[in-house]
């Protein structure tokens, strides 16, 4: 059940039976020579819709641009500053909390979002307490990373071993291939497995070390069929995660 | 050509031939008893993709949540504060301008966005001048409202006369029906044509006067076939608009 | 009745009979080789005082600097960033709403203010709702552009035809001549009628195309006597506008 | 020479001979039962114009609303938050510094502005350094309080002794009477001399102790003739101050 | 070598031999019935000084208040909002980067700081790039949590097993006992081992579940002698971490 | 009684007998060739602890970095921007006011903090009123400068006459020598007494005139024994100040 495809009376009816809502959050950033710039948003969105279908949850529109300042040295990458993303999350949560939503589940496709989202949740709680929302103490936000679902990492390990890497990974590329088979790219990856292990600092520094944008990965291993497997595992795992989150007392 | 489906080398190659990029911007807000909450984002996105196809332009991901504070008394509506949207636009434009983009064309589906977007453009120009971007003086942003394309308003007038109204209009509802025929809603609209003519102030006030969320419209007149017509007219008109914008000296 | 010339007990007494207040808002920006930098503030202020006299309204002090970032390439021009103007309007409205004011009528002399002011009003409503002001739902803000009053544009059309233009117009120059006859400037305008029709982007770009600052206008046509006519028409029209605004339910 | 009454070429010519500019800054706040709400802005403005006449300085438009949060419990009082005033001052100074102005002299009428203005100056210097303005190291801002000019305080002491007080003082009331004799108020002041000596905290607290808004003063002692004397002394003193400021190396 | 105990010429001399600086960051928040409110700041500070002694690094003053919004339901707890902490870190790093510092090592005592600090680092890099600092691309920030040093967690596991918990842990309490033996508290802990496993949301919710403030811990197991062991292990581990950070290319 | 060395139940108990809290605020900035960079924080902290001991007041952790933007041209100096410091003070005061604290006494060691702190107090009062804290009207903040205590300035005058100066003064250096005798520096001061009398503007300008960082002072006159005298006088004076502040009605 997608928020964008509901009317407001349908949302009103939904609120009579549930206080939960899911938002996919991705990023718009380089994913190496063959990965899609929208990889993280595409993955988060498709998983979130799957979880919505599986659990009956309302799924809000995708936050397409996340916190990817460290990727900005590659053309086409876009990013919110952390302070902007914090303001944005506050703007998403506050009105919905006024409507009665109390459990906000952000399905995330980008590691770079995690820190800022956690900071944002803290700032949200403080802001709705300051605004004296009647249900302020009941509002809870959680971030769930599809790529860290246990079954997902197990499959990635089995399929790719140490060529999974940590950015422009074959697992995320596979998932985008499953969703957009028409957008599969090919390019010569050199080296086949990207360098790894260097900490991430600013964007200039990032590009100097990770010259083609990948981190430790060999995305050539990805196939759409793998993507389907990742999709199903992620949906199953995060559906359980969402239902547990709803049931928390 | 969608940014989200490109790799970064493809963007680099695109920049060798064009400095333009399109971003759809919509809203996530009530559209009456039968209109979709995502109406404005859906319409902006489909038109933008059409314009991208027609002109070869790069189309960025949709800004799904816009400035809709006046709709927040209806459940499911979400809004950025103007100050947040201004920060967001700055975060979108600044890195892309660093990559070499200079013409930013925002295809808009929501009247409530216009004022803040214009304010944002001014703030963007000042920010990139302060940051001494080498191409700061060349960066231009424009907002194009699909629903105000001349051919679109002419058709709406012909089809719906004074039942077009100004919010939850049959023309925008028709366009969403064309895109998502599976999400067509039905409900008894009472009165058939919504009240009109009252200025918009805060959200509580809005709901008091516009009780079901519509403004002056009768969305029951919409059909998917109309939607197709609106789509084609809007794409044609805004494609011309985009190309003119690129060619401005 | 000017706020600046009242004592606080007089304001308290005023509030017993009216909830309305008027603020003139102008700009401090170039107006071509002969127009005054303060044109927009001067016009807004004199019209607002006239409206105050005609309607018994309380008139606050003039907001002399507005949103004129696009004029900053001309010396002597000053501008608030949109985000600053939004904060400022919030600071003006919030305490007065606490005192009991509920209708804020901004008489505006500068087209560049309109977008940001509309954005500001939305942000104000959200801020006073967050602060739980008891009368938050009753607060309404409106912007009224003196130069767009119907009778004003009709007279400008009659007097100047297509030499009115859109910046440093003879109508606004005439109004300043009426108010400050001692500050009438003369200079050779070349071309007599300034170029027009180019969209406004950043300030460097603005000056490149609109080299002497005028847009499509021939301010040499202005006379103080015209200014008196404009003044009277604007006061009459905006007085009606203010009274209607007060009477809205 | 008032900025608002200049054309931009006149400002350009002025910059060829001087780098200085004066801005009056006042406040819009209660001044007891008989003082004008605009007292601080009126005084700052008239003195600034006098200084401009005496020294040939360019005088910008008055900042009518200052930092008066502690007065907000009295109807009609308005205030910028300090953070807003800091942003505003940055917006005033930055473009003018780009035009070539380097000495910003703020003639102030309100004690409550001083702390925030000093904070603002620091923030301005940092902002223009961050923006790499070529003359960043040369920009200097100074605040000059007319009511603390030595000759002014001496006259106030002579005329009013310990009934001068510190808010709604007879000296400032006298100056407004000189400027606006038509707006002289009368009311029974009780007690004749207001209480004094209590520190200022929040606005509710302020009103509790300073019940009619005055602090230690007896404004009934004011006369327009005194006002003329204060005016002349303040203009003389601050003219010297401005000229010294210009001549500082 | 403590920054606070240096003169500026000593810092200048230091910069000739090193580009690194360490800042301890803690928190001011409840640590259960017996833990010190300053626990996280005390621990970070003592470890940082130890690392400074061991490595010759310059150690800046402690950031005593961190991001602890979730603890605010307990009296005496203080917290920066994430957006404030992000601004603060920017203010610390930017001037020091201008002086030539390029490696900023934050020794951290509080898990709640991590997310916001990572967000802050990203925002810092963007800000110094916008300000065009000559060494912008070389600036790197890292956060190092003393309590997660491998040897520290190993010892905690050995000494306390599953009574270590995750807030008001015996290991951190032990370290404060080593530093401030005069401030060892005693109180009856009930239950002996605090509840655990519940996610952290807002502060009201936190206190409801974690009634005395502890999370899964039994701080009664702490002794000053343990504290000394933790101190030594942490200093050794983070000294190595700092030196590696300096040597990164 | 130091907050950092209390448990939260101890703070709860303290609140049953007192509503007051003290925060030392200093700065991290150059103090000439021989003064410590931490001088202002060290002095504020030691005096605050002394006042805490003398009065039984709770003393919070030191704000080590203040508003010292004008010192940033000297290596090792750090500063918050005024807007950051305002946000920080709001974050300190708001939660403590929720816990019941109502008198916030900031013992200050740095003249550059005063203006921003006063601005911050105003912004705090407005913020807690907006958040509708039940005790909002009772919250009071005060700043007390140890170096301006009457007995302190009298002793400085007696000991140093006109070699006290206004930055890197022998009195503050003496106090740091008393606290940290192991960190006494020596260097040839040239000239012996630093230049004075020039207003402070931006940091580049500051360093140009005050070449070694001192202002009008001869810190060579300082001795640890003097420092002890200053300490005792400051503690006595500010203890009285704090107690008076608590007793204000």
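Letters A, B, C, D, E and F mark the chains as written, and numbering starts fresh at 1 in each.
As a convention for this text, contacts are C-beta pairs under 8 Å (C-beta built on N, C-alpha and C of every residue); 3 or more make two chains touch, one makes a residue touch a chain.
All values reported here derive from a predicted model rather than from experimental measurement.
Shared contact partners of chain C and chain D are B, F. Comparing the CA-atom centres of all chains against that of chain F, the greatest distance is found for B. Note: the chain lying farthest from chain E is C, by mean C-alpha position.
Chain B and chain D have Cα centroids separated by 46 Å. If you average the Cα atoms of chain A and of chain E, the two centres end up 29 Å apart. Chain B and chain F have Cα centroids lying 53 Å from one another. The set of chain D residues touching two or more other chains comprises 81, 83, 87, 130-132.
A complete list of chain pairs in contact reads A-B, A-C, A-E, A-F, B-C, B-D, B-E, C-D, C-F, D-E, D-F, E-F.
Chain C meets chain A in the complex at residues 130-132. Per the touch definition, chain D reaches chain F in the complex via residues 67, 69-70, 81-83, 86-87, 112, 114-123, 125-126, 129, 136-142, 198-199, 201-205, 208, 248. The residues of chain B lying in touch with chain A in their complex are 2-12, 15, 28, 30-38, 41-42, 60-65, 72, 74-81, 83-84, 87-88, 90-92, 95-96, 98-100, 180, 183, 185, 187, 213.
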